[in-house]
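In the part that follows, the structures are each spelled out as structure tokens.
Next come two complexes built around subunit A: one with subunit B, the other with subunit C.
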Partner chain A sequence: MAKDKAVPTDKIAAGLTWRQLVEIEACARCGECLVWCPAYAQDPRESICSRGKLGYLKRIVKSGLGGEEHKEFLEGLYECSACGQCHIVCPLRINTHELWEQARAALVKAGIPQPEALIKHLAAIREFNNSYGKPQTERGLWAGKAWQAGLLKEPVRLWKEHPAPVLYFAGCTASFDSAMQAVAVQSARLLQEAGTDFSILGPDEPCCASKLRRMGDPGFADEARKRVDLFREQGIRTIVVSCAGCFKGLHSDYADILPGTIEVLHLTEYLDRLIREGRLNLRGRVPMQVTYHDPCHLGRHNQIYLEPRRILSAIQGLSLIEMRRHGPFSSCCGMGGGLKLAKPDIQKKMSAARICQAEETGAEAIVTPCQTCLMGLTMGTEAISSGLKVYHINEMLVRSICPEAGREHIEKAFADAEGR
Partner chain B sequence: MEVIYPKPWVLFWLFVICGHLYLDYSLYLRWKGWSRGETTGFSIRRLKAPVLKIWLCEVFVQRQLFSLSVIRWLIHQCIFWGFLCLTLLSLSKFILLLLSMISLDAGLHAYFSNGTGYPFIKVWGDFFGLILLAGCVGALSRRFVFRPVQTAHDQTDTFLSAYLLLMTLSGFMLEGLRIASSPSDPDLYAFIGRLFMPSWFGIASDTGILLAWLWIVHAFSGAAILIYLPHSKLLHSLLAPLVIALNASEEQERKDMYWPKTKQYRPTK
Partner chain C sequence: MGLVLSLGFYAAFLFFVVGYIARMLAWARYTPLRPFPEKTLSLSAFLSGLVDILLLRRLLSVNDVLWLGEWVFHASLLVLFLGHLRYVLDPVPAIIAAMEIPARVAAWLLPASLFYIGVMKIIVEKKPYVSSYNFMLLGAMMVSCVSGLLMKYSFRADLAGIKHFTIGLVTFHVVSLPGTLIFLFHFVVFLLLLMSLPTHMFAAPLTMIEARQREDELRDLMHEE
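Our next item is the complex of A and B:
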């Protein structure tokens, strides 16, 4: 097949790191990535699994690819949630998810853009500083509404009025998506129950911009620097994040650029600490059998497996049944890496497959500590009309500590407030 | 003790030198290609105990492969150790020969090539030859008989297994024919080579020519690996240890080093 002379091979190679270029050649094509890939399980094409993409990338940085193959490579590159399962099973430990993100950015720098849906989404993040395309003034409204509805013990204060030892970072989804605002409210309530002195940035809270990194926007490093500067200017030292995607961004992606600046904890890490210190009293029983879904950004990407499980096991009456794939082998729900935008049908199939795995356990609910996974898994239950309930881990804690702040109460109160 | 038959040594060494130069040039071109990428400051100080532990376990014991599939691990271990130990044997013999030429081998060359150390060479060569042979047969069986879902149907991979198999078999055939032509006591230690002694030996009219041709096939195919290596899957034998070390050291830096118990889980398919 004729090579596409227009493909700027040197530019693409320059966008990758030395190690990544070695990795591309080191792959022995054993195919373990293919066996475990949750996207390949739904669309079995070689170009989707890491082996296929590595093969294409190797040829691209060498001499370019022919038209059809080039198209196939691009499709495969974006038909991936960058969940990192292939990294875990790779005998060479190739850091695949990092490679795909870097390859996307390298291609963009070389003049080969992302799919249209991703470009629009990234543009919205840049323009509105959130991924929902809503005005920033709406970002912290959940806190006021929750206080007025009696869902909080005290009003949540803004950082500029009260710079507290801890900043609670809700993220775009829990701030703007009405179906997910319960996560922010419950996080705040749990922090209040533990007596944590915290505040929020409210309208000043920026989008973590990690989606820019996930989807290969070369401007990510600059955006990350701006946010780190903002946190530094505000004198923020500890950030508690309830979204696994934001956590990956703030904790890992920012650290790659500006190491060791601010302590970033995921909510589950912080709540686990509070429970072990005896500051959060889990007084009520929650008689339920649940299974736990490890978000990729928390588990495989940051090795946080124990803390959420410790939280669940601390709740009286609650029993945890593991799915056959859990921990480092947890199947991705497909919500990451821009897959939901690039290939929504594949994402839906992936989340449905995960729900099937959860149903196999016989549990009555699936629990996750990530609002994005919560959305994805809910879509999965809808796709296969499953009766399985999907909850954020906060819901389990709230049921034990302060049932009046349960999800249903929050949704009802917010709907009433909006006159729905 | 050794049977004398014509061996084109000059041609062989010329081939080895050219092959080596070609390998060096190919690796240089690759290095140049990799240098187009951003450099990430790697420091030898990053190689701390957990990184070294992972490196040793993954490179020499191939722990990850073991947890994924015991059969695959066994095949890979056979090829890895068979190939490595036979290469070490050839290299050691070559180094001792060079040292003996300048009388710096302390008599080791004579000891191993026709002294009491000769049986050791026989046992070493036959044992690791057998291991390599088993690995190649296993790899080809897996590819063509068991056909697991992830097998890449790349002709170069099949060629590599067949190539290593041919090289090993030609080595045993050469040894068998040599033992048949002039048996001696240390040949008892060539426990696999003896099985390859041709029963039709008595009829052969010119053993020397046959031995020479077998030697050419075996020695030249062995040296040709130098040329084939950068274009084949074998390249991972050089790059995998490097990549494992680099990745493990970065995991250590990022504090996300993992050691999964893969056997507890089952893949999607």
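Our next item is the complex of A and C:
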């Protein structure tokens, strides 16, 4: 096939590191990745799985691709949630998801942009400092509404008024998405129940910008530095994050740039610590059978498997049934890596497949500690009209400790406040 | 014929070495050379990576059925490689001489494991192969195994003549080819394999050790053991 002169293969290769160039050569083409890849399961084309993408990258570096093949490569690169399942199952341990992110950035630097939907999304983050394209003044409003509705024990204070030992970082989704604000409210309530002295940045809370890295925006490092500078200027030492994506951003992506600056904990790590220290009293029974969905950014990418399970097993009456695929092998719901924007139909199929796996366990609900997974899995239940309930892990704790702050109560109170 | 095959051997060897050097030079053109791994490698990461390589540990945790075939295949290949060194070393070191019996066993295990892997992947797991290169490589390996076994058990090869020829190859003294057609066939297949050795043989150990290094770094970054 004739090579497309418009494809700047040299520039693409120049965007990769030596480690990644070696990794491209390391693929033994065994095909283990395509057995496990949740996107390939929905769209079984070679260009979708890691083996195919690595093959294309190898040829890009060596001799270039033909125009049609280049299109296929791009499609495969963005029809991927960068969940890291292929890295886990790769016998040669190729660091695939980081390679895809770097390849996306290399393409952008070489003048080959992301799909249109991703560009718009990234532009919103840059312009509004949040992925919802809303004014930052709306970011911390959930806290005031929750206090007024009697859902909190005390008002949540802003960092600039009260620089507490712990900063609670809600993230864009729990701050702006009305269907997900319950996560922020419940996180705050649980911290209050444990007597944690914390505050929030409110309108000053930035978007973590991790999506820039996931979607190959070469400006990520600069944006991350700005945020780290902000945290440093504010004197922040410990951040507790309730979003798995933000956690990966603040904890792991930033660590690559400025290691050891600030302690970043995921909410499940922090709550697990509080429970074990006896500061969070799980007094009520929650007689339910649930299954647990590991978010990719928490599990595979940061090895947090134990803490959420320990939290669930600490709740009286609640029993946990594992899915066939769990822990490092947990199937992605498709919400990461910009897949939902690039290929919403594939995301929907992936989340539906995950719901089917959850249904196989016989559990009445699927629980996850990530608001983005919560959205994705809910879409999955809708796609196949499943009766399975989807809950954030906070909901299980709240039902045991302070049922008056349950999700339904929060949603009703917020809807009443807005006259919906 | 000895001269032709000798030249063929040197050409195949050069093709193999120059291919790698050219690749490195191409990379250096794209991006500045950086040490690999990019951070200081810890001893624990190196040792765990080494165990991963020797046991194919990740494959074991993911697909134990395939692991059995792959491990036997790679171990047999290593034993056979070591066993074959007796044809290019004079005198033969004791450790290589001691490989004779294991190499005889490996000579049977290698094609058996290849067959097992093929059956598992293609028929049982139904994993599609993408290129004719995969089939060519597996086919050449199988032909090499079978011709080697035939040489050993059916058409008794002139071992002294073969050793004379192979020692000549490594000492750059071209000698005549032993008059065994099956050896000629076996040797030509070996040259084909030498030219098409997969790059993962050299790149994969690096990625496996580097993965361990990353895990250690993440562990340092996390908040509890």
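Going forward, the second predicted complex is superposed on the first by the 420 of 420 C-alpha atoms of A that agree within 3 Å, B and C clash if a C-alpha of one lies under 4 Å from a C-alpha of the other, contacts with A are read in each partner's own complex, and residues count from 1 in each chain.
The working rule: a contact is a pair of C-beta atoms (placed from the backbone, for glycine too) under 8 Å apart; a residue touches a chain by one contact, two chains touch by 3 or more.
Owing to the predicted nature of the structure, the values given are computational and were not obtained by experimental measurement.
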Clash or fit (per the criteria above) of subunit B with subunit C on subunit A: clash
Partner chain(s) touched by A:41 [first = subunit B, second = subunit C, both, neither]: first
First, second, both or neither for A:23, with subunit B first and subunit C second: both
Which of subunit B and subunit C A:123 touches, first, second, both or neither: neither
Contacts of A:269 with subunit B and subunit C, given as first, second, both or neither: second
Which of subunit B and subunit C A:324 touches, first, second, both or neither: first
Partner chain in contact with A:415 - subunit B first, subunit C second, else both or neither: neither
Contact residues common to both interfaces of subunit A (with subunit B and with subunit C): 10, 13-14, 16-19, 21-23, 25-32, 34-36, 51, 61-62, 88-95, 252, 255, 302-303
Residue ranges of subunit A touching subunit C (in the complex, touch as defined): 10, 13-14, 16-19, 21-23, 25-32, 34-36, 46, 51-52, 55, 61-62, 88-95, 251-252, 255, 259, 263, 265, 269, 302-304
Residue numbers on subunit A that touch subunit B, as the complex places them: 10, 13-23, 25-32, 34-38, 40-41, 51, 61-62, 88-95, 252, 255-256, 300-303, 324-329, 331, 353
Subunit C - residues contacting subunit A, complex: 23, 26-27, 29-31, 33-34, 36-38, 52, 56, 58-59, 62-63, 66, 70, 121, 125, 127-131, 134, 198-200, 202-204, 206-208, 210-211, 214, 218-219, 221-224
Residue ranges of subunit B in contact with subunit A within the complex: 30, 33-40, 42, 54, 58, 62, 64-65, 68, 72, 148-152, 154, 157, 233, 235-236, 239-240, 242-244, 246-248, 250-251, 254-258, 260, 262, 264-269
